[in-house]
Amino acid sequence: MTETQPRRDPQPRHSLRTEILEARPMNLDGFVEEWPEKGLVAMESDFDPAPSVRVEDGRIVELDGRARADFDFMDTFIANHAIDVASAERCTSMPSAQIARMLIDPGASRDEVLAVTRGLTPAKILDVVKLMNVVEIMQGMQKMRARRTPANQGHSTSARDNPIQVAADAAEGALRGFAELETTLGVLRYAPLVAIALQVGAQVGRGGVLTQCALEEATELELGMRGITAYAETISIYGTESVFIDGDDTPWSKAFLASAYASRGIKMRFTSGTGSEVQMGNAEGKSMLYLEIRCILMAKGAGVQGLQNGSISCIGVPGAVPGGLRAVAAENLVASMVDLECASGNDQSFSHSAMRRTARAMPQLLPGTDFVCSGYSAVPNPDNMFAGSNFDTEDYDDWNTIQRDLQVDGGLRHVREDEILQARNKAARALQTLFAQLDLPAITDQEVEAATYANSSNDYPLRDVLTDLKGAQAVMDRGLTGLDLVRGLEAGGFHDVAENLLTVLRQRVSGDLLQTSAVLTADFTPLSAINDANDYAGPGTGYRLAGERWEQLKKLRHVTSATNPETEVR
Amino acid sequence: MDIGNSTTEACVAAIDPDGTVHYLGTDLTHTTGVKGTPDNTAGALTAVRGALHRAGRRAGEVTTVLLNEATPVISGLAMETITETIITESTMIGHNPTTPGGTGLGVGTTVSIDDLAEQEPGSPVVCVVPHGWDFDDTATAVDRAVGRGVDVVAAVLAGDDAVLVTNRLTVPIPVVDEVAAVEKVPLGMLAAVEVAAPGRTIRTLSNSYGLATVFGLDPDQTRHVSPVARALTGNRSAVVVRTPSGDVTDRRIPVGELVLRGAGKSLRVDVDAGADAIMETLARVQPLDDAHGEPGTHVGGMLAQVRDTMADTMADGAADLVEVSDIAIRDVLAVDTFVPAEVRGGLAGEVALENAVALAAMVRTSRSRMQLVADLVSDGLGTATAIGGIEGEMAVSGALTTPGVDRPVAVLDLGGGSTDAALLTREGECSAVHVAGAGELVTKLIDSELALGDREVAEAVKRYPLAKVESFFHIRHEDGTVQFFDEPLPPQVFARVVVLTSDGPVPVPTRHALDHVRRVRREAKRRVFVVNAVRALRQVAPGANLRALDFVVLLGGSALDFEIPDMIADALAGSGIVCGTGNVLGTEGPRNAVASGLVRAYAADSVAAVPDAPAPGLAG
Amino acid sequence: MDTAPTTGLTAADYPLSVRHPELLHTPTGKPITALTMDAVVSGELSAEDLRIAPETLRMQAELADASGRPQLASNFRRAAEMTAIPDAAVLAMYNALRPRASSGPQLAELAERLETEFSAPVCAGLVREAAEVYARRNLLARPAAGSDPTAAGD
Amino acid sequence: MTTPPTTSAQPRRTVTLTETGPATRGTRRDEVVIAVSPAFAGHFTRTIVDVPHAEVLRQLLAGIEEQGVAARIIRVRDTADLAAISHTGARLSGSGICVGILSRGTTMIHQKDLARLSNLELFPQSPLLDEPVFRRIGANAAQYAKGESPEPVPTRNDQMARPRWQAKAALLHLKEFECIEPGRGPVEVQPAFELSSTG
């Protein structure tokens, strides 16, 4: 463990208080001084370009101080696809303060703001958000979030890639409220079985929950094409040309990939985040946020409906520099203010300090985002194959209580244990039956029993990995598709689960889930930025946590009954 | 359809009015559940559907499904270690580290390096170095002591530093390292450290008289330490400490008596007498009625456990429970094996190959629940089902479709749990036997003898030929031939012993050389399949005379093995027998014999029974 | 821009699956209402039936335009063209667009193929644009780039 | 038992690497090349968790020597990419085996016939690499050189390494980048270890 490393020379005598403070988990986090010349700076750097744009015969010929001849491919793509040429010069010449005010002014509608932001250059956008403190950023987010109703996304993975665990935890997660569930693998060849398990578990927990399996592009796309998964997210983009190339992609290859997903009716979003470029040593001397804004506009230009950002796997970098989390909050806002769905991070192990972990999430949780976490760990963190999340299953009750305390909707709710056990058991049984129907590696009754009451992968009987991997290969070789899953579930007597899955598959024929910020409600109505547009216009407007949903969130594990104080509310 | 212990096979055929059989398609899948239990249905249906699909026919066209009368034979395995090596008073260190230092023999008093600075010159010293000592510091400390005239003759190290230390000494000495529990080495005792040159083995400490010479022992003491010498034989390095009453014992663990009842008598045999004694006794009580182990002994436990599991599987889902007493063990195969086990009292995790006996026991019970399976199958397919003839007869009948085979023919079905033999005489009489022990026992032997601790790996070692990956572009097969590749092999197999599976080389996690792995694999197969082939054939052969057999056809999964058929053929060659792997229907290899046999029998009957036969239909 | 017959859809028509199921068909011509459990069980449906039809993508493009999302709309129009391209070919084209994966002529040929073989002018346009930028930024395939393991340590 | 003089976070030994000319392809089959990054045991003296570079080298060399295999050290100057450094070393190694290492401690065992981006063993989490691990890495590299089949050194993982070390790793990476000397080929270096008074 890293904790064993001495932090500094133990020679000089310390006060007892210093010793107590030194012992706080907080001091296991790492912090570094800024180094703007190399881009190791959050959002305030003298080395970022000044905003400028020039249009000649319908074409942007100058962008942020660079002439078209000198554009790198990010500049080119953004100039050609992301910025509205007609309004570019007018909007970019507006005073940044005015735009920043529009962002927090209830009087300015979301559409009025969008009319301006669609004409802004990366440097101009940076100039605008640099004027905003965290509270103003949150106000902006509250209005600019694309979907009116906030939601949350969960991770369901297993340290042993155990499909039964993934199914059971997916079912519990779906029941607790996640609108999307994501999985990934330790052993990649396990993917088909685990992706199937996630899909089955999700549809048991709550019909209409969307699932994905994070893999390398080709396999991820194939699982999607076969209808085993419902959407994709891990399509990474970067803010500098050199890092983009290191990732073996270009804005054009990624744009092509985006259309490929849409052409198969599969919802998709890109992924980017502050810190990735400097992490790879090629920030070209630009601030983390400036580079992230280039990513956001590249995504916008590619015509993808949304973006997962908020530093994501590089959170340790902005997390270690001054103002880093303000920059992270700002990058989420920028995604929303250019009208993209924003899955706003909070999805990676971030701090040893519980207080810091909570504070880090406030700028997304309080105003609400399309997905507050783009990966709340619906399994214990040691089982989280995304290298841990900022929140995990142990935090469920804390999260629910914070929602209740502040009356904000973080997408989850407290669920009684009997319901959870029933869902977990049903998910395991459904998967057991489905595997039998499809002649995939058998699942024993002991495993089903374990899944019902388990916490982590250690609580399950060990699987015969070789047989599982053969089974996984068979799924690919035999060309099994979502339809086979529906058939198997139906034949196995899990009619309702089969119906849920079929309805999700049917959605791709309609393409409704391709629109910005789309999710499926419990009654399978697509809810997107079109039919659930954010109409925030100041106090008393927009999404309010009230009515039936608020009643749900008032429930906790232990609440003393007012009618009979000797009992608790169930 | 034939539901076997591990595979379920089906074949579809059309039968003309005149009884001519047209085979249309076959298929096989792994058996679901325990043979003869309702769980079989799933696999059975998969197989039939598969065969129909390959035949391009629909379930609707099937007139009847024929199932084998599965002889309710289930086998169980158990293994018991019968020897144990114990080192008392840390007398010796014999873990044979891969890289000891220096060469030669050093005899002196054990002194911790922490006290070396205070050590007076005079008597020779064996330096003992605990954990945490850096190799440079160790070398310096020893050199200093030697500089002061202390006669340091050898060293024993905790860490893997022997070569490093000797390379740094002005006067090299023999050094044994990687002694995990070095703190247990008794200090102030006379000790001898011997290291042989690379590729050689120690000469003095592995020789009783060498030990006697080194420690000046009298004949009685020499007798006492001779086990130490034995234990160190073949090592490149060793340490022996002279302690008052320390020694190495190699004691036999009493595992109890096996009671074999049959042929009207009841004989007892000590399991730790070994496999030969057990099989010899078994031969004298053939046919075996039942076997028991003394309660309270290991054997008692072994057999009871086998019996219980069988009772469970038999009872599984059945309305009426099966009394454990109903379950008679009708055959036993005992095999000598060894289990690498950590030596008790060892200082460096010494491992000794302890002797063990593996027992395969086979149970027959009166009840087969095949009828239940048949009913479920006919529900599943909506067709009539019938339970066909005896498995053995059907197998022979199927085997006869192998080109070049004629009566009298014997088949050997090399399965997973049992090895079955059946004989069809020229006159058409059929007799069949089942003997315990087959593929699964082989896997278990490989697993324990190579200390793999992983059934899957052992299974792979059993099933595929070995090779050594010598570079990214070539491998050396176990027969010595070299194969080159244009594309580099995957990194994880580099420099490893691999099994050549259908989807490429897979590394075998073992430190053993290829030759050793190969020897263990072939020995395990010989001790189970060759022994059982002869045993089983003797039981069906007229007058137990193998020479009375003409054709022997090998069937079953293990008949597909890349070496077992040859091993058996070699063993039988002496008796002038034509022996080979079957090729049922001339296309199916050793598969599908019983299923095809069922069809042939059905066809024959249908013609015999009904002179004006019904419209042609499908039988599967 | 793409000139598909517009059905004059507005944001109010979303979601199509709820408001206008009658407009939705599978690429195999079945109405979306035909995607029932019975059809699945009886085996009438194939994976083909669960794909999105180009017409549907063009309708979603109109909805995107109608709600002020031109980039999203043109993504849908590229996608509509791509429905005609087999899965494997789509992946191959994606790989061809990776940095230094294709030469200028190869990309030109790809664009040509998109236009003629798959009548996908919008996609072809994207590829031609890429080719031009790759040429300027030195991202076209170099002869035997990186493929030689013994190439000098870069 | 008195506490043994073990190596601790304080450097007991220091090392200086003296360039002895351009690195050449080794001829003996029984050698392992250790390829160090531009700033290793130069601009930097310790890994990200303060393991002295002197100890890193001593343990790698010891692991190789204990297996009876020879070792050469080269410095790659024109890149800070671990795969490139390791592969360069592998192509210069007589056995084709190389241990590549960055200043912050990230280590890789490479082989000349492997694609540059592949490897035999990779140890990506520099904060988890201590002296015993470096010893075992050296021993494994030597065993590969001898054509033996070492059990891969178990790689550890710690999810909380990100919050603690990610930024410092980035910083060290940037500094290492600064020490790159473009266009300058790899050089042979001789290590000189010294016992320093501190600690």
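For clarity, chains are labelled A, B, C and D in written order, and residue numbers in each chain start from 1.
Throughout what follows, contacts are C-beta pairs under 8 Å (C-beta built on N, C-alpha and C of every residue); 3 or more make two chains touch, one makes a residue touch a chain.
Please read all numbers here as calculations on a predicted model, not as lab measurements.
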- Task: Determine the chain that sits nearest the middle of the structure, using the mean of its CA atoms as its centre.
- Result: A
- Any idea whether A-C or A-D has more C-beta pairs in contact? A-C
- dist(centroid_CA(subunit B), centroid_CA(subunit C)) in Å evaluates to 56
- Note on the structure: Here the gap between subunit A and subunit C, centre to centre from mean Cα coordinates and rounded to Å, is 25
- Task: Mind checking the centre-to-centre distance between subunit A and subunit D? Centres are C-alpha means, answer in whole Å.
- Result: 37
- Task: Could you tell me the distance, in whole angstrom, between the mean C-alpha positions of subunit B and subunit D?
- Result: 43
- So which stretches of subunit D touch two or more other chains? 113-115
- subunit C, residues touching no fewer than two other chains: none
- What residues on subunit C touch subunit A, complex-wise? 11, 14-18, 21, 24, 26, 32, 35, 37, 40-41, 45-47, 49-53, 56-57, 59-60, 63-64, 67-69, 71-76, 78-83, 85, 87, 90-91, 93-94, 97-99, 123, 126-127, 129-130, 133-134, 137, 139
- Using the touch rule from the top, collect the residues of subunit B that touch subunit A in their complex. 29, 32, 42, 46, 456
- Touching residues (chain side subunit A, partner subunit B) in the complex: 436, 439, 442, 464-466
- Query: How about subunit A: which of its residues touch subunit D in the complex?
  - Reply: 1-2, 5-6, 28-32, 35, 38, 40, 275, 278-281, 313-317, 319-321, 348-352, 381-382, 384, 387-388
- Query: In their complex, what parts of subunit D are in touch with subunit B?
  - Reply: 1-7, 58, 62, 65-68, 111, 113-115, 118-120, 135, 139, 143-144, 147-151
